[in-house]
């Protein structure tokens, strides 16, 4: 395994992005599809090489592509860390990704913007690969934001639909909230470690105080919650179903949404140091698992049911992380990727068959019309419901067992109830789609057809994986996967607890019982007495409406955040224009009016003051000019009198006494 | 005798002066002035100024007064009913008051000063005309010349002023316009 | 011997008389005549002092006064003629061109 | 050679006005050419003087000394120092430009040019007089032609025709009304200006006579007086106050300024230029020449007076200019505002700031000369100075509009013009003594920009009123030449200020040393200069 | 920072006066087409020269390079002193680059008074380049002020809004108001120099050699701050910006929003000259608060704007808050980040304004209500808007990220609370940009859209593509540029740490030598 192969893994899709993105309008969509597919395939092959080498050698290695940016004590490389965790993720991402690409070529056939779709998909692959391969937090973050962007683009693929556009925005913004938390975590890591490389950070983690570790872990958790659609930031994921179905399968089921889990597992060293954070992770995971499952019970949109199911399953993974069962989390991640991708793709096949219909109430009895799809969907349902020996059983059971054995009985209870609900709504879904009376529109019914082979083949492969994938983790706690991941996903300081095989088998039995109970309940409600569900709904309308409206969380968020910030924005806009600008303009106005005042002074004090002098002079002259009669004798008289007075004065001066 | 003469000349002069300013008819005034001039000449004689008395008679009575009378007749002035200003009593009062004060002043004041050489005896020897001639053409020669020029100027000025204006220049300030302003 | 004061007093009386003429008479020509009276009063004074101080200067001055009186009469009368020609008036209160 | 150059500067305009007496008004071109030739001769000579002034020697140069009255101690004694030389240069530039600005005057051209030449020559005379008597003589001589220039060739202000006095009689001459700010007759302006300046001159004369009377040597010779006359106590204060306020009234310092905007508004363009450009600097110059030279200690003690008043000048003039609606009022008040900067520079008694003040005198002469020239052109074309009624003229007169922008920039003190150099020197120099005033001054720059741009916008941009459709730009070289001369001078010295600076500094430094008594420099810097 | 490297050829002068001479060359031209081509030729030549400058720039050096020095006014120590160092070099390139785009942009969008327009643009380029290459404070001030003139006329004569007259005057007055205070500050610096050395100087390199008392520093700091803050504009002084940018022509918006003159001034003058004042806790606190308020305030106001250009204005204010807090984090990352963020904003804000201009030309408005769903009609425009917008809001991989990241990192190192508040700006940035994008570009076709709606022309595509290239270059492989700037930033940070008095000890001998050389004034 050379460095080049590692680097090539993300480079192939990137090349496809560039080729299709820049030149895609020059050639046919088919070619674009082939390029995209080929790139992912090549990438998969490379990943396979890497995987095999890791399996054989078992050692982690770092590959530095180039120095990205640097300055002061910060130095960030664009580098990759290839260790077992990455290898597993690589396989999931490229493998499932490749299958979904294959499927998409068929599914998206003839859509407007086919090329664009594959550009986005490939870009997603690039980002996702960076995410899982990065050797430091920032490369992870590139991928992290990159998948967010692609998610945005692909949700908004049908951009002319208002709901799609809104969903896209929502997805990105909610993710961004998580990202902000993640960024803070990165800063804290850098502040404490002066580096962002995993290896260095994890090597020096011992110097960290518990408080700081908790802070970092919680901030990381915020990021993970946003990306993995956990409470309270899950709302974007159901809306994200506006995107094309392969997108839902790839991004919103198999890969991107599990990035949070990946990240928690990747940084578990930090989490291990912070018990509070661990409990928080577990609580959030468990709560989400249950919460989303309850909503999933009553949804009528096929993809939304699956979406809530995804949220719920992600909750399981978080729960697993919360109890320190990182391997179990990854295990569930892998199996979930298989069966959830399967479910989504086959749901896509259903939708494809029905010409775009997604409402469960307009389906039913499709079992015979689209048999392949039915079969694979049923396999998927069994897998997720936890029917042994399918993949979901093993992983889910391991999580529950872990919770039980760690004496986290609360988590166990949450998981158990969640499992029951999962089983129930999944079978409800299956029954509503494939069994019972057909409720399909007559017009649509005529055109129902099985999907083409390039769609069904991946389905079948995925179904196979869903069936067999669980065996990588068998037997529980000691499967191949556990051994493989032992180096990277073992909790720090965890004491391997030995439990009796009896307990394990008992727990398995409980799990099977739960799954079967869910199946039976669904069977009763939707096959045996289809009207019962409605009766129940009528009996407690409040509960039903609440569930149907997803606990009104979207509305509450709208009210608290969206409308709030809009109001704040308007208020501040007003403030800006009317207060700040006025204040600063007010200075101008003050200058202006003091200018007016000073002009007034100029006019009425200085100017008119001078004019008053002049005018007084004028008026005085005007009155005294009467003296100037122009008559000679008057002048003469004045002269005489004046002369006389003058003489008097002179005499007074000379003689010193008055003349008279 | 000499007091009698002085009394006569003085009294007549004063009376003639008063008549000059008090008579209504300008011609009568002129004649009164003539009387005054004659009697002043008499006073000059009493003061050993025979030459001056002669000049007084010839120039004043002979030339100037004739000029006045000539103008009076030329203008053909009629006697006006109101020959004094409206408010003449004020002036009269002021004049009389000043006169009174002057007289008081005059009679209070002793006169004296540096005596010159031209005593009565000297004048009687050489004759006043001779003395005047000597003085005028020695000490006062420049003044004399200036007076000559002055008189020439006055003559020219009088001619220019009294000349009939040519038609081209008469369009300026006519009497009506002047009056309006 | 007649005291000097008598001449001076006479001169003063004549002077005031002439002055009053100037002040109270409306006729321009009479005003000029009054001026002549004043000049004569001055002359009397000059000559009297000349006599009493044994100096020829007074007489000389009187002589020049007479000359100036002649000039004054000539010019003054010429002005009167001009004014009369323009305004048909010889009364001083009709002629107030000197007014501002 | 040098002293002949200086004499040429002074007497070429006089000679020109004498020659003009013998040229009939019918030969209008001849009249103009003679005026231009004499002004040009003066300009060339002054350029020579300016360039040939040797800053390494300093002191007074190009001296001519003809005794006139030995008994009274009066002599025709001229020469320039580093302060006089640039101002002489500025005067002759403005005179030369003014001749061309007035090129289109039709009414009594000859007389106009005669008075203009006398005005400028007298101004130049003040700047080079080394004898108090002749200083005062030229000073008065420069005031009087203003009366005629305003009264005969001036223009009335908008709105005055509607005025009548309390008795209903039309009364637009000489005195006017109490509240007739902004609407005056040219006669009023002329009378106000003349009375004001004469009154100021009388005070100054009293001061000069007191100096003469109480000095040990009975002479009017400034150079002798500054070394031998010594005044102290109340007498010195009285003399200084008389001299200062007498001359400051022409400067004009607040609150003695009110004649100047009126005068500018009424005056024809060339007169306004000379008036605002150099005539007002007579005040500063004379204060420097008389008070700084002869009464150094008192100057040091009393220079806080202008330091306080200059604040009012700057702010007050600026604000009124901002509110004025008449182009020439705006420029006029702007000038009186900018005079505050010069007083600030003088008041600080720092060689940088005083040098800055002198450079500012020159700079302001150029800038304000341009502004008045263009306001005059606009007035000639539109017969209006009312800013609100004008507008959009840039379409019709792009050259003038462009030049106007440059003039505005120069007036604001935009870098690249000599005004900027002067401003920064004043700011740098005056900060230590008068920081508050400096802040006011820099805010005044903003204010300047505000009102000048406001006026520029009002005149040249916006909608063109239909009645001004016929107006035209400057087309002939005679119209453009003066603007170009002033612009290029302003920019040239803005970019190459060194020679200028050296000249001014060579005079300012010893003067301030005397005032601040750093060293007894008097003898060093004045020996060998008295012939 | 004190050492200077000469370059045989006066390349900076050439760079400085090339556009000005170009403007003069345009004067006699009559033919509009030729005129445009000549203008383009000149700005391209300028770009070539500036690229040459970048190539010949010695990286990892704190020295003042390509130094040219001519005595201008020795009495006050004013000299024609040009040089670039790591702080300014990128701005020079950015300006030359943007000007090419502006000329390209204006090719068809300016119809009347074409010649004066291009002459103004070229004159503007000279003044902006002058601001960046001046080492002498007065020379800097000269260009700083001269810039107002073409700006004023560009806004006034070629503005698109109704209120452009008002906006132009407001812009000029605001800037002048600030800059006169700055002038006083410069004068005080020179006076301080005078007190120490008995000579005046406005040369940055000279002024750096004398210590300044801390109390004086704080006064001078605030005076200079006024000038820079008004131009930048920092939060409470920003209200001219909406008017100028919305009413003015796109070219002017690009320059005013894209070329961060004000914050450059902090880095160029305030920090090296006034390290103690810049470190003063009160000063830092006040400036930080202003910056943080600007971030949140600008972003939240931007959210609700219905006009794209107004949105951009407020987002610029918000981003400028980032730049300011990054600078006043006073550590390497913060300063480096601010510098990079300024450059990034040069690309992104400018790019967005260009795109707003394209929209404006097509829709006759940049209001959201008048747009809607234009992505369907104009995919290229939508794509570029997205790319540049993403760079604008700091998506990793684009130029926006590195700057923003480093700024936040630096601020975090200064105090975590500042960083925590600033991070919200990142969220709001996404909100306002994407919400706008959703409403205007996505969604169903707007009802008010004109019938004919052409996508970007070739010329417009060139503008957008070249911006995108720069964005990704800076985002993915910034090393060459970082090498250029790091040396100078290190020097600045060291100076900030050590303080002016410490550095004077270091360079005392050198300083005194220069001082004695400079004593032209005293004899």
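All chains are identified by letter, namely A, B, C, D and E, in their written order; residue positions are counted from 1 within each chain.
Please note the rule applied: a residue touches a chain if its C-beta (ideal position, glycine included) is under 8 Å from a C-beta of that chain, and two chains touch if they have at least 3 such contacts.
In this text, all values refer to a predicted model and were calculated from it rather than measured experimentally.
Every chain gets a centre from its CA atoms, and the centre nearest the mean of all protein CA atoms is that of E. Among the other chains, the CA centroid farthest from that of subunit B is the one of A. Centroid distances from subunit C, each centroid being the mean of CA atoms, peak for A. Looking at which of D-E and A-E shares more C-beta pairs in contact, the answer is the pair A-E.
Put simply, the C-alpha centre of subunit C and that of subunit D have 58 angstrom between them.
Each chain gets a centre from the mean of its Cα atoms; for subunit A and subunit B, those two points are 129 Å apart.
Centre-to-centre spacing of subunit A and subunit C amounts to 124 Å, using the average Cα coordinate of each chain.
Averaging Cα coordinates per chain places subunit B and subunit D 61 Å apart.
Counting partner chains per residue, subunit C has residues 19, 23-25, 93, 97 touching two or more of them. Within subunit D, contacts with two or more other chains are made by residues 450.
Within subunit E, the positions touching two or more other chains are listed as 173. Taken together, the chains touch in the following pairs: A-B, A-C, A-D, A-E, B-C, D-E. Taken in their complex, subunit A has these residues touching subunit B: 633, 637, 640-641, 644, 659-660.
Of all the residues in subunit C, the ones that touch subunit A in their complex are 19, 22-25, 31, 92-93, 95-100.
Touching subunit A in their complex are the following residues of subunit E: 173-174, 236-239, 297, 300-305, 331-333, 336, 373, 375-376, 386, 390, 395-397, 401-402, 405-406, 408-409, 412-413, 416, 419-420, 423-424, 426-428, 430-431, 434-435, 437-439, 441-445, 476-479, 482, 486, 489-490, 493. For subunit E in complex with subunit D, the touching residues are 72-76, 138, 141-143, 145-146, 149, 152, 156, 165, 169, 172-173, 176-177, 180-181, 183-184, 187-188, 190-191, 200. Remark: subunit C residues 1-2, 4-10, 12-14, 16-21, 23-27, 29-30, 32-34, 36-37, 40, 43-44, 47-57, 59-60, 62-64, 66-75, 77-82, 84, 86-88, 90-91, 93, 97 touch subunit B in the complex.
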